[in-house]
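We call the chains A, B, C, D, E and F, going by the order they appear; numbering starts again at 1 in every chain.
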Amino acid sequence: MPFHEPVDAALVPRFAGHATFMRLPALSDPTGLDVAILGIPWDGGTTNRPGARHGPREVRNQSSLMRRVHHVTGTAPYERLRVADLGDLAVQPIDLMAALAQIESGIAAVCAAGARPLSVGGDHLTTLPVLRAIHKAAPTRGPLGLVQFDAHSDTNDSYFGGNRYTHGTPFRRAIEEGILDPRRMVQIGIRGSVYAADEHQWAQDQGIRIIYIEEFARRGADQISAEIRMLMGDAPCYVTFDIDSIDPAMAPGTGTPEIGGLTTREAQALVRGLSGLNILGADVVEVSPPFDVGGITALTGATMLFELLCVLAETR
Amino acid sequence: MPFHEPVDAALVPRFAGHATFMRLPALSDPTGLDVAILGIPWDGGTTNRPGARHGPREVRNQSSLMRRVHHVTGTAPYERLRVADLGDLAVQPIDLMAALAQIESGIAAVCAAGARPLSVGGDHLTTLPVLRAIHKAAPTRGPLGLVQFDAHSDTNDSYFGGNRYTHGTPFRRAIEEGILDPRRMVQIGIRGSVYAADEHQWAQDQGIRIIYIEEFARRGADQISAEIRMLMGDAPCYVTFDIDSIDPAMAPGTGTPEIGGLTTREAQALVRGLSGLNILGADVVEVSPPFDVGGITALTGATMLFELLCVLAETR
Amino acid sequence: MPFHEPVDAALVPRFAGHATFMRLPALSDPTGLDVAILGIPWDGGTTNRPGARHGPREVRNQSSLMRRVHHVTGTAPYERLRVADLGDLAVQPIDLMAALAQIESGIAAVCAAGARPLSVGGDHLTTLPVLRAIHKAAPTRGPLGLVQFDAHSDTNDSYFGGNRYTHGTPFRRAIEEGILDPRRMVQIGIRGSVYAADEHQWAQDQGIRIIYIEEFARRGADQISAEIRMLMGDAPCYVTFDIDSIDPAMAPGTGTPEIGGLTTREAQALVRGLSGLNILGADVVEVSPPFDVGGITALTGATMLFELLCVLAETR
Amino acid sequence: MPFHEPVDAALVPRFAGHATFMRLPALSDPTGLDVAILGIPWDGGTTNRPGARHGPREVRNQSSLMRRVHHVTGTAPYERLRVADLGDLAVQPIDLMAALAQIESGIAAVCAAGARPLSVGGDHLTTLPVLRAIHKAAPTRGPLGLVQFDAHSDTNDSYFGGNRYTHGTPFRRAIEEGILDPRRMVQIGIRGSVYAADEHQWAQDQGIRIIYIEEFARRGADQISAEIRMLMGDAPCYVTFDIDSIDPAMAPGTGTPEIGGLTTREAQALVRGLSGLNILGADVVEVSPPFDVGGITALTGATMLFELLCVLAETR
Amino acid sequence: MPFHEPVDAALVPRFAGHATFMRLPALSDPTGLDVAILGIPWDGGTTNRPGARHGPREVRNQSSLMRRVHHVTGTAPYERLRVADLGDLAVQPIDLMAALAQIESGIAAVCAAGARPLSVGGDHLTTLPVLRAIHKAAPTRGPLGLVQFDAHSDTNDSYFGGNRYTHGTPFRRAIEEGILDPRRMVQIGIRGSVYAADEHQWAQDQGIRIIYIEEFARRGADQISAEIRMLMGDAPCYVTFDIDSIDPAMAPGTGTPEIGGLTTREAQALVRGLSGLNILGADVVEVSPPFDVGGITALTGATMLFELLCVLAETR
Amino acid sequence: MPFHEPVDAALVPRFAGHATFMRLPALSDPTGLDVAILGIPWDGGTTNRPGARHGPREVRNQSSLMRRVHHVTGTAPYERLRVADLGDLAVQPIDLMAALAQIESGIAAVCAAGARPLSVGGDHLTTLPVLRAIHKAAPTRGPLGLVQFDAHSDTNDSYFGGNRYTHGTPFRRAIEEGILDPRRMVQIGIRGSVYAADEHQWAQDQGIRIIYIEEFARRGADQISAEIRMLMGDAPCYVTFDIDSIDPAMAPGTGTPEIGGLTTREAQALVRGLSGLNILGADVVEVSPPFDVGGITALTGATMLFELLCVLAETR
């Protein structure tokens, strides 16, 4: 199978042509791919402002601005990996439990083909069926590590009197299901007022390492990155990038913004710090175009997608 | 019980004070009210662009611009009716079937108190549980008539492979459930490309009178209004105003816009033409603030809400 | 004195150069002008949403799109009239009564130079000092006629417990001061809910002809224009164009929008119908850029300004 | 070759999947197609506000809202015509004359394959090379007729001191080149102030029928459509739809807006009136997303594209 | 009196229900409250871009995103303080001096009830009558200290030829009136070009400590906070947070933006540093929704309001 | 010749009057000026999103917020320099090579009058003809140094198959033409993915000092400024400020945004660090208002223009 190349913007203008992720070819079959970029346009787990269902399309649009080579690391992902735009999973927006099954099934096909999924949400509940599919593809590997960029821990138990599947609960479910190893989970950028003083107690009791934005600001990206790498070690892990980890001035288009977040520069440094980890898949979630201004959130999402792709290319 | 008056904008500026519908008092108990204005912030039935869950809040905001007396008919609704803002129904956004039950239960309480509901959606599926509650409150009355302002017939059978409860199906369900009498149903403003040539066949076979925008444009508001009044007669009916009946230049903030719609002037004339009908309740639905521009859709929604309130005040 | 020409957009692009009204020269002295276009950036009389103070600048911006000759009437105003952009009156935003005096004094200078003022507001209270100045310039002429395009009558007595000078009261004041002759006043486009059933009684008792939007819609521009011309006759009059007479889909950027208004096409036909009247001055008011979307209101304002200029050129 | 069907939105949500025109398959070869929809993302001929280069992408986005069957005529274009999204012509934005050659060459390939082009601009200068290619494909047919929806005549001679190729000059060039027959050219919706009293003289001298908006408003769509059909007769013609023919409240996203334009309802009626003409190709031009608000212009453009496609399907 | 709790967003969605500050109960009587949150929707002192009159409503809207417990300090303000939303002061927008009296009188009622005011402006001139009321409530306390977050010193003498009451002059007036003790005043975030080289001389001569943004950037929040705490000591002080202290990328919706401001993270750290001070009241001012983008300024304002509330709860 | 003063905003409100750069007088002749501020409304070299042609007008608009004295350095530029707004160069948008000649000729006139040009673009290709004119005015001075704030190196060879004049190539051309001395060129803020691993090789081979954003973040403004001053020495140089050097959260209105950029605070510190250099001219380019949100980019551009003006005033 060939290595796919993005359309060259020095030949074809960026605004020309169909909007695919990174201007890569649009394929419908993951066979032969190393990494399948795909969209999961679904926001049925959203407790507040919806719209992440429109995320994949706008991230595709803005990803036309990406080029081929990382300017800091020199990584040229399309020379190392076979990557394509696999389209969107066709998830219906009405029935939540059916939607989770549809997502899991779509990702399972990617895993079965031997490709790693790099998905664009959708709300953060989409990560749960993605993790299920990855885990089921090789259950003997045991539970996965998780690097989670986020303003919120997303480890609540339920919402609205018993709804256990929302975008505020995916990682509690994944731990309960044995998919994630909480002692190899790290959450970076957590902040904002909380419902209760002990809101994060359950997570911390499981062993999740919560790095509040204040600790990050004090210690800096280098130290934090080193700690993350140590926590993850050589074992397989997954990287989930909730766009609300970024400050809402830089990523306003999201459902639950919290001021005082990561700058894009800090987020880039942190993702670059994941180089060399054993990453089985990654995602960018919670980009909600109806609340975006000037496409900046989708641009940030597209750029973080490129950063993640480069890290996938640098995986051991 | 007193007649409630809006805050007087000639004394307190319109931008001051809590945003309630029409600047009316916010009550939590419908007892003694003739009309209860309330919000149903839920959009779980939406097949395309979400956001109608945010409708009630923005319609409240823009309704601060409304005054007390209708400038054409002279109707002073607050002198004839006891009206208040009953708040929003607390409907959770995650579980669709549970949400329908929550809405029905909330409206049932209004009906039980002897008040007529004037609700602000939410997507058009919210009208189904509202109709259920009104119908159950006096089932011996038989099925209701319906005056539906809409770009779409909303009488499809199902979406996405079997989802029977979406904002494209409520009136088919209501007919099947014996709540609506299709021979006393009229749909005004229907337009836009369709899935299939026979898409409206089922509706027409039931006896629903579909008035496409082209017929409206040809015949005008006076003739159409006369026909509607004749169809409804003296029997009880419900009025549902989907904001997408209005042209998207005047109401862009909605999930499924179709160009070539009613102007606001035409819509106002049509609603005024309902004067004297036996209306048990009414709603304005599908105002989706995340897609609005400059609040114009919410303003249009608020004004149509006032027009509907005046017609409720003129009910026989 | 020369006839001033706008910069030619077939030579210099429309987006180039300082933004002046109609791309005319910016002068500081009205001497020798037939018509002085000027801005009155003040909104201290606004009872609801402010921002009309920013109106002149944005109307200037959008007026770059205007050309030299009216496409229907063939009127070439710059060949008939000496016109220039006289800049803005330097009115302070803090002290209301002082502001009215500043405006009157600025317009008095224009009148003293023999020029007719064509001003851009600013809220509708700015029209009061303009009328005062015009009237004082030749008091023996007697009270003036008024053609008022507006959603509101603006003849209330006071607001907020005794404030007699607001943008809802100017024409009552002008009648009381003997500046306007109410029997030669016509208001077109009036609509929207009212505070009280008799809100317009005072105005109608004085003899003001109120043409509600519903009457306009029924009779059309030709009939209404004929009636206006008959009412005005040969005697001097003033034309005031409140942008909220236009439907808010076409002019959202205003402080008190009312749906169901004039279309721009209708408004253009009505203004063209004023040809031949004895017009001493005119204005466009209530363009509020902070509430505008995409500059459409300012563009509408600029185009109506050109229409008014052509009518001034056609004055007997 | 198969008939291509759009993705069914009752199965796959409208917001899912790659944005192609009408959700049709994206092909790179026109062979076997009856109609090739394609984008021409180029605005190098723009004299005022640029951005039409971004038109194809946003029209694609909004065209996801289109369905399969015309609700008035019942036309099902995908059952009559083989249609696909042929992508965008890769036109560079720097060298104007080279760009015209690139466009002509791209369209020539479509014509050579026996398909009719239905293109989305791009500014109105893109229509010139399209017409050249169509004409050269069968020069013995002689000059074509033209139905032009537009606010401007676009028959100026040159701009900025001698630039003969701009979006204000294409139809003058096409007449000079013998591509268009001016006596079978009709322009509908013309309006706005003009540079000179005789600006349209050349066009009228050639025999072009200019229908100003005022004449249209007076006579209505039925009469105007009949006249257009008579003018075109059975001979081949081309239809060009400049989005600025529509009122800027309904299509703000364009480079040279003029208030007082066609409503979308009127435009739809006019395009439907072209049914049965011998149309060799069509386009929608001057959609400029950077100036759009809420995507309404792109939605209008996408809907007019569907209307044009249906008319192509109804061609004799 | 009970401790009031915000509506729980884990039970009732954030977008549901009336928008009150922090989703607290709306009360009309301050009796029994420890802190009264209230709006002052007035911007009559604004010298440049207006709109802060709309601030309270939008800050209420965005405050729905706040939760109950501070994630860093663990402070649970609603368990320590009786807090409610007292509504807006009904200040008329026309007469400046009357407005100042209305504000003072409204705050006096809060003070008389023994509650501390936490107000949302409104422009910065609203702080003057608030300070007057607080000072008059216990004049024997002597002049107050002031912690002022701001881009501007707001200690000018007058504007526009003698207007002494504008949003650029409140603190000069308050010093002159003996309400503030300039030697216990600190201004943080000052920046931007100035009218004159000695513009801040008067303030510095009085003893006001001006901390320019450059000094802040050099020394950091910890050092600056320590200095502020030392300056304030145990004596009573007031905290005023002008949203323009924040960088306009994070708070664009304000009347006089200055680039290069505080980040929200820095501002949060600074406000948290006020813990333990003897604070009699606080405000957030100059949020101007008409100039906001995507609600980010109102969100920032709402979050700073929560930060201030927590500091009020931590007051000795 | 007099020293020109901006209109005083303490006397005339900022929103009043014609929008000129810094509210300076608009002159048409540079004679006697020390610095001529002028606009170059042209974006014909843009490879991606256009709109910089509208930059000068919006930067003028926002520059009304500037005052007279720098708050850090105390520099009062209008007391040291004769400065005025010289208007815009009348560059046509159609013919690229002719446009470059028009720009060069316009700047040559400024140089001939002995004034230094401070221009506002326009895309970055406008800097090439500006440099040509400055160089030709005194060719014996030899090639100039360049301080370039930018996200991109702009030293590519060609685009789209041979177009050598685009906004991605100006500095390669200027080096080839002997106008710039690459060993005295420094580029600050470079970042973003690149076309090829060796994309910057040519530039570095020439001796250009490229300071990537990561190096800047590590070393800080003080060190970088010192290095720049050392590189420039006493020899003449030019300063070009591409607004995309700033982070797109703070300057979204530009054609090729790259996240992770300079903050405005950092950019201000860097420009202030140029004090004392021998600067022959400067510009702010790539402000593209159609992509701006809330005017923040134009405000940033206007403020950087003021910073540059102060540095010009501090030139040895």
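Assume contacts are C-beta pairs under 8 Å (C-beta built on N, C-alpha and C of every residue); 3 or more make two chains touch, one makes a residue touch a chain.
Keep in mind it's a predicted model, so treat the numbers as computed, not measured.
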| item | value |
| --- | --- |
| Chain-contact steps, minimal, separating subunit E from subunit D | 2 |
| Given subunit B and subunit D, the chains that contact each of them | A, C |
| Required steps from subunit B to subunit E (each step between touching chains, minimum) | 1 |
| Label of the chain whose CA centroid is most distant from the centroid of subunit E | D |
| Farthest chain relative to subunit C (centres taken as mean CA coordinates) | A |
| Selected pair, greater C-beta contact count between D-F and A-E | A-E |
| Numbering shared by both copies at the subunit F-subunit E contact, with half separating same from different | different |
| Interface copy of B-D among B-E, C-D or D-F, judged by whether over half of the contact pairs recur | C-D |
| Interchain centroid distance [CA atoms averaged], subunit C/subunit F, Å | 41 |
| Separation of subunit B from subunit C, taking each centre as the mean of its C-alpha atoms, in whole Å | 38 |
| Subunit A: positions in contact with at least two other chains | 11, 13, 15, 47, 49, 53-54, 92-93, 159-161, 247, 249, 291, 293 |
| Category of the chain touch graph - line, ring, star, complete, other | other |
| Chain pairs in mutual contact under the definition given at the outset | A-B, A-D, A-E, A-F, B-C, B-D, B-E, C-D, C-E, C-F, D-F, E-F |
| Touching residues (chain side subunit A, partner subunit D) in the complex | 11-13, 15-20, 26, 39, 41, 53-54, 56-57, 60-61, 85, 87-93 |
| Touching residues on subunit B, where the partner in the complex is subunit C | 8-11, 13-15, 65-72, 74, 76, 247, 249-250, 263-265, 268-269, 293-294, 296, 299-300, 303, 306 |
| Residue ranges of subunit B in contact with subunit D within the complex | 47-49, 156, 159-161, 190-197, 199, 212-214, 217, 247-249, 252-253, 256-261, 291-293 |
| Subunit B residues touching subunit A - in the complex, by the definition given at the top | 43-47, 49-51, 53-54, 92-96, 159-161, 163, 165-166, 290-291 |
